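Below are structures written as structure tokens.
Same chain, two partners: chain A is paired with chain B first, then with chain C.
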Partner chain A sequence: MAASRPSTLLRNLNAKIAAIPMILTALVVFTGGTIWTVAYSFTKSGLLPRWNFVGLDQYERLWGSRRWMVSIENLFIYGACMLVFSFVIGFILAALMDQKIRFENTFRTIILYPFALSFIVTGLVWQWLLNPDLGIASVIRAMGWESFDFDPLYNAQIAIYGVLIAGLWQGTGLIMVLMLAGLRGIDQDIWKASRVDGIPAWKTYIFIIIPMMRPIFITTLVIVASGIVKVYDLIVAQTGGGPGIATEMPAKYVYDYMFGGQNLGQGFAASTMMLLAVLIVVIPWAMLEFGGKKRG
Partner chain B sequence: MKKLTILSATTALTLAGGAYAADLEVTHWWTSGGEAAAVAELAKALNEKTEHNWVDGAIAGSGGTARPIMISRITGGDPMAATQFNHGRQAEELVEAGLMRDLTDIAEANNWREVINPPSLLDACTVDGKVYCAPLNIHSWQWLWLSHKAYEDAGIPVPTNWDEFVAAAPKLEEAGKVPMAMGQQGWQQSGAFNVMIISLLPKEIYLSVYQDKDAEVAAGPEVARIFKAAADARAMSADSNVQDWNQATNMVITGQAGGQIMGDWAQGEFQVAGMTAGEDYTCLPGLGVNQTLQAGGDAFYFPVLSDDEATEAQGELAQLLLTPEVQVAFNLKKGSLPVRGDVDLDAANDCMKKGLEILASGDSLPDVNQLISSDTRTQIEELFVEFFADSSITPEDAQARFADIIGDAD
Partner chain C sequence: MANPATLNTAAASIDAVGGMLDGPQGPKPRKRFTRNNIIIYGTLIVVALYYLLPLYVMVVTSLKGMPEIRMGNIFAPPVEITFEPWVKAWSEACTGLNCDGLSRGFWNSVQITVPSVVLSIAIASVNGYALANWRFKGADLFFAILIFGAFIPYQVMLYPLVIILRELGLYGSLTGLVIVHSIFGMPILTLLFRNYFTSLPEELFKAARVDGAGFWQIYFQIMLPMSLPIFVVAMILQVTGIWNDFLFGVIYTKPDLYPMTVQLNNIVNSVQGVKEYNVNMAATLLTGLVPLIIYFVSGKLFVRGIAAGAVKG
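Then we have the complex of A and B:
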């Protein structure tokens, strides 16, 4: 009777000890750093953090700033288009790839290759390609279409779509590979059954295969969405935020004010707003996904 | 036993070599042709005159890119031995936080107070009576560079002031030239605007806007005229699709563009291209209107280091920068003016001599960097980068936003 049950704290002790560094990192670096940043966003910190509280001043200035509004608008356009197009194109490519075609490996490699390049390289390459004097536009003009005009990066109204083209070119390959993995995970019997029932292939995809791929879609969504919120290097390399401020993004605003403008308070306020935006998306999703009764 | 001999031999050698040779890493953003040639002079002086080594830490992409990197390294505990800043308020908080080395003893030993002219340059290095930086050169922004070739091709005489420059624009366009070259970066565009304020208006206006931060003056009718002039500049530079200032200067050098508003550092580029002032190009201080120059410039700051020997070497570098020989060698290549009033600049060309005369007459104003914080500067740059890229923004709207920024400035 004396042998009491080992306390739950000591159960699986090795695993718990092994997890300590990660727990500390999560608590101190992520959570602690986040709380610190939010707290200092209410101060008038310049180049170095200083605790002189100014309430919501930084936020008032932030939302009164035209550049921030343009950045938010750009993030919205870029984000929405990126999500829709990369999913649609990625899925279509994956579906085509799944037709037991010849040289699948070759095609897969070619399409995935851009993902091996950094955003900096991608940005530079597309800056050149979209330059009217030496890129696509000049090639087509040299072929005889004299009046052809395509210079998105020099037109403030559509410059953000020039960035989007580069983003899609770089990122779609990864989406395709993820989707392809999802498609390969579908039991072949499902296809056989649908063929026996005489259902057209496109209907099978939309009503049977896609719903079955829900977990893959969610993983992909998280990867793409986090890539969108933090987009920075692509802008810096491709347009530098220009022409004017037409392709500014929130992450660049944060960096420019924290370091270039020597105004940490403003940068912290902007990054707090970015965090808030992420939370607004993540919390409802997490509640749907993990909260309540599991579906299926 | 053998090892021990080698060891003691090496020790003896080191001792014989005298003082410790330190590697001094110096960061700066001087990367264009003329600038690189000037930096090479500094490196040569350090390598030859002391036993220390110059480790070049050039950071490409203008001050806006370079400063954050420098500041992160200093605040992050990985300081370089010396770094360039435009003196004034850019390094203000680093000094206040005690991250910069106090150079007062070196300044006193070498009589910086007496030799540096104009004295406002040393004042900009001084915080609470202590000197924290070594001024290196004087740069002024108020120059209009004109290409003789472009005007010859268009068959019109080279303008002698801003109004003629604007009036000549249509003729240049007919001849297929860009009337005005302008790099599409905020610092160049807001810089050109500040040049117009100083050159086209009485200097009291500049001081009440930037020194007293008077929002009413900034919203007033005089400044409105400057915004109109900026809109002219925007129209004239609409076809100049370049980013860096030296690319824009190159358009003037090759005669593709009529002119460019740029500081006297552009001089170095003309020199590298082998051009002669007065024959191949013309420089108009104060846009040919007001003969007033802003005396800003570059200075070297020396972060506090933990290594005593490196600190010693830092001091030697600071001292070296202000010696007459280095001042002359560096500034001739750079196209800037020496900070010492007592050096001989016979080798200087026409443009530099014009600048020296104006400075000697005492007609100089403090640089924008000495008056406004980096935060305000960033906001103004942002306004102009947008203004120059988007012709739908009216001068009135831009002025209203400018006045708001000045009203909020600290």
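Then we have the complex of A and C:
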């Protein structure tokens, strides 16, 4: 028996060899790395990681820090506005594109192209466009509206909305494309039926089509939301976190403490909080999505 | 995967129906300028103009001289076209460390992107193939962790990777960065390839097995030739993704190896000297050029790539 069948470990050996990079990545980097960072967030690591347990000290310092609180507040403002606007605009654009229009490819190409650009490029272009002395604001003033004053790069009160404008420009195309794919997946008979019943188009969208597109809405939401938590390059390029600390974000806090401030413990604690935030979004979704089914 | 495909076929079937209806027996042609059409096209044109505006401003600004920029409005086309800002951005602009322009960053990015794309696609395609056709015990668990890992913020894995690379002696080198890109590209690419290979008819695989072909033989002689489109999609996804990366570049390399995005940011946001907006915009355009060209050339395949990343299999 044993001689006729090779041992279980050797069976399908080539596939296992092929999967080694995946197994290493999944276990060492993703699982191991995450656990390591969470564990070291309870230490007093400074320039180098050291295992001197201090309990929740780093977290107390984190939540007592004004910069972190501003970062969290910014993340909420940016995140909430980004989600609402990009979904509303993205869906409306997708609905317009779905009206069997001509030049659909051209419109889609134009609206999606910023998504191909990096956040660095996006941030730098909008830094220039929003330049208070030479940018859009000066053009509007020159056109006669002398008192026009919109300088999100200098005014700390509205700085985060300057970043939001750039983020929306870059990211709405993606949502439009995903929504359009969802709309194309809707059975055309539904439209015929609602037309026969004399239901106006906007009502059909709100009460029939959108509920039917729930899965794609949720998937898009999870992707966009987990991207928002990570937002970093855009801030670095457009504002550098300023003016002052007005546009700081959690991801930047982590980077600055880990690689600039030589205060690893703070960086680990902050990144653990980011992990927690993502888990709160992703776990319910994963349970909804894969909980019932056996195959992931 | 299913969705972009239906997106294309839906458009194609509309075209086909339109073709059949050609000729006098077709329905009465609709009026072009209905109120609805004006609203639809009007909105889309305004939105499209808004989206094009930054690109236009970048181009226009990069072709003006500094005096003209200081005088006038950013939307005005250049009175006197000059290519000097482009030359300066490419070969003279200063980052605070050195003054040899973006060209250094460009070549660094090429050296980072090419091996990263090849390595990550090689790993992920073989991996996806193993997951689709040679499933072994525990494979699904690792795959689940991998996909879950795609959502974990990079920030919790940054420092452990620094330690791993340092132990391997690769911290601060291009090789190290290539490995990092391969690791973080793995979830999405593996998903892409696994779904694609699963969608191929199983009979093909079984027939090859009966004929005695092994793991690698089936991969190279049957799967690979059949899946060129998905390889192209993966390439588009990776080239733009890696070219646009900033965070990994700044962490895992050192200043003379910085990729183009990092160098661009250092040039534009450098605090020294007078701000030269035309040079900055030329540099920004230069950095955005590679993904833009890929985007405009690849068209629908790009859409397929991002939709494949977004829609789970």
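The criterion applied here is as follows: the second predicted complex is superposed on the first by the 261 of 296 C-alpha atoms of A that agree within 3 Å, B and C clash if a C-alpha of one lies under 4 Å from a C-alpha of the other, contacts with A are read in each partner's own complex, and residues count from 1 in each chain.
We adopt the following convention: contacts are C-beta pairs under 8 Å (C-beta built on N, C-alpha and C of every residue); 3 or more make two chains touch, one makes a residue touch a chain.
A quick note: this is a predicted structure, and the numbers were derived from the prediction, not measured.
In the superposition on chain A, A:Gly46 makes contact with chain B only, not with chain C. In the superposed pair of complexes, A:Phe259 makes contact with chain B and with chain C alike.
By the document's definition of touching, of the two partners only chain B reaches A:Gly242; chain C does not. Note on chain A: of its two partners chain C and chain B, the one contacting more of its residues is C. Touching of chain A by both chain B and chain C, each in its own complex, is seen for residues 240, 255, 259. Of all residues in chain A, only 46-48, 61, 66-67, 133, 154, 156, 240-246, 255-257, 259-263, 266 touch chain B in the complex they form. Those residues of chain A lying in contact with chain C across their complex are 8, 11-12, 14-16, 18-19, 21-23, 25-34, 36-38, 40, 49, 93, 96-97, 99-101, 104-121, 124-129, 131, 134-136, 138-139, 142, 169, 173-174, 177-178, 180-182, 184-185, 216, 219-220, 222-223, 226, 229-230, 232-233, 236-237, 240, 251, 254-255, 258-259, 264, 267-268, 270-272, 274-275, 278, 282, 286, 289, 295-296.
Against chain A, the residues of chain B that register as touching in their complex are 64, 67-68, 71-72, 75, 90, 92-94, 97, 184-185, 241, 243, 373-375, 377-379, 382, 385-390, 401, 408.
Contact residues of chain C toward chain A in the complex are 2-4, 6-7, 10-11, 14, 36, 40-41, 43-44, 47-48, 51-55, 57-58, 61, 69-70, 73-75, 123, 126-127, 129-131, 134-137, 139-140, 142-149, 151-161, 163-164, 182-183, 186, 190, 214-216, 240, 243-247, 251, 261, 264-265, 268-269, 277, 280-281, 284, 287-288, 291-292, 294-296, 299, 302-303, 306-307, 309-312.
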